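Each in structure tokens, the structures are laid out below.
There are two complexes below, and they share chain A, which is joined by chain B in the first and by chain C in the second.
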Partner chain A sequence: MTATLTRREALAAGFGTVLLPATLSAQPAQRPAEFRIGVTTFLSGPASVFGVPSRRACEMLIEQINAAGGLAGVPVRAIFVDEGPGTDHLVGEIRRLVQAEGVHAVFQSISSGSCLACTPLSRELNKVMLLWDCGTQRIFEENRYDYAFRTQGYATPEVLAPLLYLLRKKPDIRTLAVVNQDYAWGRDSWEIWKTAMDALKPGVRVVAEMFPRFGSTDFSTEITRLLALRPDVVYSTSWGGELVTFIRQATERRLHERTTFVLPVAEASLQILGRNMPEGHIIGARGDHWNNHPAPANPELFRSFVSAYRQRFNEYPIYPCHHMAQAVWALKAAVEKAVATKSGGWPSDAELAAAFRGLTFPTPTSTITLREDGQGLEDQIVGMSHIDPNFGFAVPREMMRYSAAQVSAPVGQKSVDWLKTLTPAMVQQAGTAL
Partner chain B sequence: MRKLEFLLALALAGAMIAAAIAAPWLRFVLTIALAKGIAVMGILLLLRAGQVSFGHALYIAFGAYTVAFLAPRLNDAVLLLVVAAGGAALLGLVIGLFVTRYRQIFFGMLNLAMCMVFYSLLEKLYHITKGSDGIRVEIMPVAGQALDRIAYEWTIFGIALALAFALGALLRLYLVSPMGEALKGIKTRETRLEFMGVPARGVLLAAYVVSAGVGGIGGALIAMTSRHVTPLLSYWTASGELVFIAILGGAGGVLGPFLGAAAYELIRVYAAASFADAWQMILGTALLLVILFAPGGLWGMAARAIGGRSR
Partner chain C sequence: MAEWFQDNGLLLGLALLDGLSSAGLIFLVAVGLNLVFGVLRIINVAHGSLYAIGAYTAASIGLFLSTRGLPQWAALPVLLLSAALVGAVLGPLIERFILRRIYAGEEVVQLLVTFALFMILEDVQKLLWGVQPIHHDAALKLLGTIDVPFGSDFIPFTNYQLFVLPGFAIVTLIGLAWFLRRTLTGRVIVAVTTDREAATAMGIDAAKVFLLTFTFGAMLAALGGALSSPTAALVPGIGAQTIVLSFAVVATAGLGQIEGAALTSLMMGLGRSIAVYFEPELEVVVPYIIMVLVLLVRPQGLFGVIETRRV
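Moving on to the complex of A and B:
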């Protein structure tokens, strides 16, 4: 009975704490005592392989920013929310973050489904939302948002760059098979690839389209089929544990010796694979932030970020860490820009959102511009896997950089329609060797 | 006792309205809680017959996707609620025709299988359902009235509350009717029912169709509230959640599901807010405490506290 009483009391206390701050809303823009960011990321489930490292990166960067004096003098605090329980929970949590916790900006989310469900809330709640990791092209192609911005690249360039790289390095491919996870990203990334491939190199035969169940742990059926079909290329946008399992099972049966893998999301799995990752296969990082980047724009900053992360967590940062960092840096640049525009005054939500549009902010490797529709232009670097003894796992070599403007659909055009207009000449024109 | 139950329901509704006025974000959470409470009433009906369905999320997802698909064409919340309820009941009839042949674990598992088949369909028919990205539901008129966002959210909250009362009262009547009493017969000794000339399968099927119908209503309300439907609504964890709520709330009375759903959503929200890493553990602990110390659930505790007999 005591246990039940305390729970009731706890609930009552919970009600109390919520009711108080909620009544304090709708004030004119004053310099806040602290700048609160609501961050949605996977803390449970299979995608926590991305969520947990990104959370660590976020906490580390916020500590660094606060140690250096905060955002335009205001200390920052992040409130993390688990994306794991699903959409209806997350939609409620975003409302709670804005209406009860009073966050000044929301960083959301890893899953495209979460982004599609939550981004319209930016319009209803009039709060700045930074889409820090999700890749779906549907967000800005099907809607226009005044308060939502994506501080990194998206599905179209992340798929198109590896395809251009493949066609440059192996112009004679004839057959291709796809092994993608059976959910929206797996299907979308295949549609983008297929449309672009048909435009850039018509006549490549697709010998198998396989969509194993999301969360599969056994790919023996797929591998057997691939061994029999002998495609020149196997394309897979799988990620996390599934990609690790697929590569391990495929290399055990020597699939990698007769076919080239193209793995646009491989970077996050390479440390786990270690030396099991075969060499000479095409790998992507959803951006340009490879740990062995030969010529980062700001080598000092790049090295300090990577080494600080390594020192604290004893592993190299993976791409979600860099994406989180980009969101933090974008926020810092936008707040400073907005404060400067108001000559020292604190910006309102609308003024802060206005500061993001057209913003160019520096990253350690390059700069990212948020274009007119809110989409960030992030360069893509693709390369061939190669085990580097300094790292102890595969990193790319023969790297090529594709500038974001080259491989992204222009503002106002749908990716699939734009990809149909590409011509084979693009293969030789796009990209520069690093 | 009956009067007290009604008063308690009024008090709960009053507390919900007060909370929804005081904290706008809670309005959303409580609308979802009411919708789940409505759906869990169906679980409660089957629990009376001693049958646990591990697949009732199927009907929630069906109701939700009905709204998502038909909203552009029908474009009226009231109409969509009716269609979702009817469609889910019809689906319940078809599936019920064979799952009601089974009892206990077989009944539960077959339901689970159906629910996962629907989940897979939603994922696989990518070009129709947009897969795991889901479908967005726009704000729709209610009974011909076009509403702005705030008014719409209040209206759906009001509709959920009114439906909770109306369906709660109807289900209460159903439970004390011969059809409802016969459900208890299935739990204790089914053969005796047959000897009395009551067809056990028919009784269970009727309850199953009703439970599917209220599941559809709950799902439609969830779709209208969260305004984005994904296949996750039909995943087995969503079904488990319904059974969880039923146990937390207690199977003794129709108020149980609402107590359970409100407690579940609030615990989850507060647990997720305070311990983003460990909210599952807190929910699990809450359920364990209820099972260990209050087998009648929250309703059992409430009934004991107000001096009535708890079932």
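Moving on to the complex of A and C:
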């Protein structure tokens, strides 16, 4: 039997297809029995050194929120997905989280590759997506998203702040070498550094550009070459086991006596390195959340977060834990704002997304504002490594804070274009000593 | 050319020193895989896990004993004992309960089973040792450094890197060659490698040979991991990184060829370190360029022999 449609029926079906979803989404949202968050993070592979601690932080904070009554009275539940199997798998998993699990928001991801592949889904699925840790500048510089927001800083300020600090502390540098991991972050962060360095201090000679294989466990050849070249500065945005291995192999052969390391992502490896981290080298934390922050905005909240994490997991929280916490606090602030806007009614996805734009939410160390393009403005604190007996590992001293507005590309400008416009005067103008 | 050597001769010398150390470590891991491949005819993806577990065990035992006041000189024997322990425990278990069931299976089944084992052992590592980097460098510190002259300058190298790693590789190569050619057990293994059917027909217990060879191969993988542990931070995924390069060595060397594995490791180690000095962008691909070039000329591998097809 063949079914036939009249022209009128076909038109009605077409209009129905187009208009029905819009009509449904315009219905007042019902307060859910629970608020489900899909969280993507590395639970396997080398990046699980970030992913597992961040998952712990997320679980701990959700327990605390639920114990205090939930998000605007709604209990919260997180569903975790492993980023390890790759972006194709992750794209499918995010669809599943939204369409099958019915999550109300997605926290994604650690890898910049994951974020680049998955953030467009926020547009397709009309679901709030908080980029909680990935740093690529391309997300909000190349696209506009209504449902995606980054609740922390990004690559440009995280690289520019350590460079400004270096040029302030060691203005006479003449030579530099780079040893970055051979993948997107290693290459992108070098491009940002090189562009900014050429603008802020023209004439610094790059004597070696080395990008060892991602996951490498032996840097002895790179270290020999650096020992022979004697650059004034060795810049590396490596992280995890690779940074630990590089620093240990380098210090064993006294490379740190011949050069100054600049390590913008060092914070997450300092506990592991312990006293093997040499003193007097430049370290960053991808934000302002150092565990020895001298003047946090909310000391009580800061201490309670750090001590609760330490008590439970017997280690200090590292920066991915702080980044995860920022996403949780941003969500809490946005839900409360959206509910208040509706005088106690529950917001739709679109109304929740609208609450994020321009949102300023408190963190233990400062406040973060999500500007109009969705990018979070997070201050950066950089300092010199120093073994603190209270911690038993290196923490920064001679700290300087760089306000996010100073070191982030303005809305609508691409980072590399903006960095080219910087002038050497910025070195003295930017940053305040803590 | 002479001018180039005049300008870069010193750097080339440094690259050779680095390459020897790197080749030593590559050889120790790859030779076990090659031996297992040669005798059992199984592509053992889990070889990388044995490397990782060897490394983690050595670091854990070292850390435990150092808190118990272990004398510094014991750091090196601990590495060897850890490798022996891992090989002796996991080798027979894996061979007896897993591999023995798939010898007659298709190659793709063997590959899938050993890959599944690799994934399980990766999770076991995370369960036992967590995800944060672990390191124990007592052996490295014990041996100290040596300053190698470099023009008017000097370059510090660790004695561990310069002498221990290549030294162990040379001792393993000589010991293995002697064992396989001069002892009855070794000759039995060679017989099974060369012609399994004929060896079995002559009364050789192939099951025993398989068990022995796999255990020995597991010990070599664990030895590679244990010897790398004083220099590297151990994190999830180190096994996967190692196994890829080891496969390249096995393919280039030829099936079951010990000397081939040594020469290939040397070529790859030197190739990588020379690339770091003169063309760093090529460092990652150099081993695979070597592999492709060798296989284009000798598809059976450097030292491999062309096998006649049996019907």
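Criterion: the second predicted complex is superposed on the first by the 406 of 434 C-alpha atoms of A that agree within 3 Å, B and C clash if a C-alpha of one lies under 4 Å from a C-alpha of the other, contacts with A are read in each partner's own complex, and residues count from 1 in each chain.
In this section, a contact is a pair of C-beta atoms (placed from the backbone, for glycine too) under 8 Å apart; a residue touches a chain by one contact, two chains touch by 3 or more.
From a predicted model like this one, the values you see are computed outputs, not experimental measurements.
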item	value
First (chain B), second (chain C), both or neither touched by A:Asp417	neither
Contacts of A:Gly240 with chain B and chain C, given as first, second, both or neither	second
Which superposed partner A:Ile272 touches (first chain B, second chain C, both, neither)	second
Touched partner set for A:Asp182, first chain B, second chain C, both or neither	both
First, second, both or neither for A:Arg248, with chain B first and chain C second	second
Chain B versus chain C as contact partner of A:Ala228, first or second or both or neither	second
Touching partner for A:Ser112 - first (chain B), second (chain C), both, neither	first
Contacts of A:Met210 with chain B and chain C, given as first, second, both or neither	second
First (chain B), second (chain C), both or neither touched by A:Ser44	both
Set intersection of chain A contacts, chain C complex versus chain B complex	44, 182
Complex contacts: residues of chain C adjacent to chain A	10-11, 14-15, 17-19, 21-22, 25, 122-123, 126, 130-133, 135, 137, 140-141, 145, 150, 153, 155-158, 161, 228, 231-238, 240-242, 272-273, 276-277, 280-281, 283-284
Partner chain A, residues of chain B touching it in the complex	19, 22-26, 28-29, 32, 123-124, 126, 130-134, 136, 149, 222, 225-230, 232-233, 235, 238, 263, 266-270, 272-273, 276-277, 279-280, 286, 289, 293-294, 301
Contact footprint of chain C on chain A as seen in their complex	44-46, 48-49, 51-53, 182, 208-213, 215-218, 220-222, 224-225, 227-228, 230, 240-242, 244-245, 248-249, 252-254, 269, 271-272, 315
Sites on chain A touched by chain B in the complex	1, 3-4, 7, 10-11, 14-15, 18-19, 22-23, 43-44, 80-82, 85-89, 91-93, 95-96, 98-101, 111-113, 116-117, 120, 124, 136, 138, 182-184, 187-188, 214
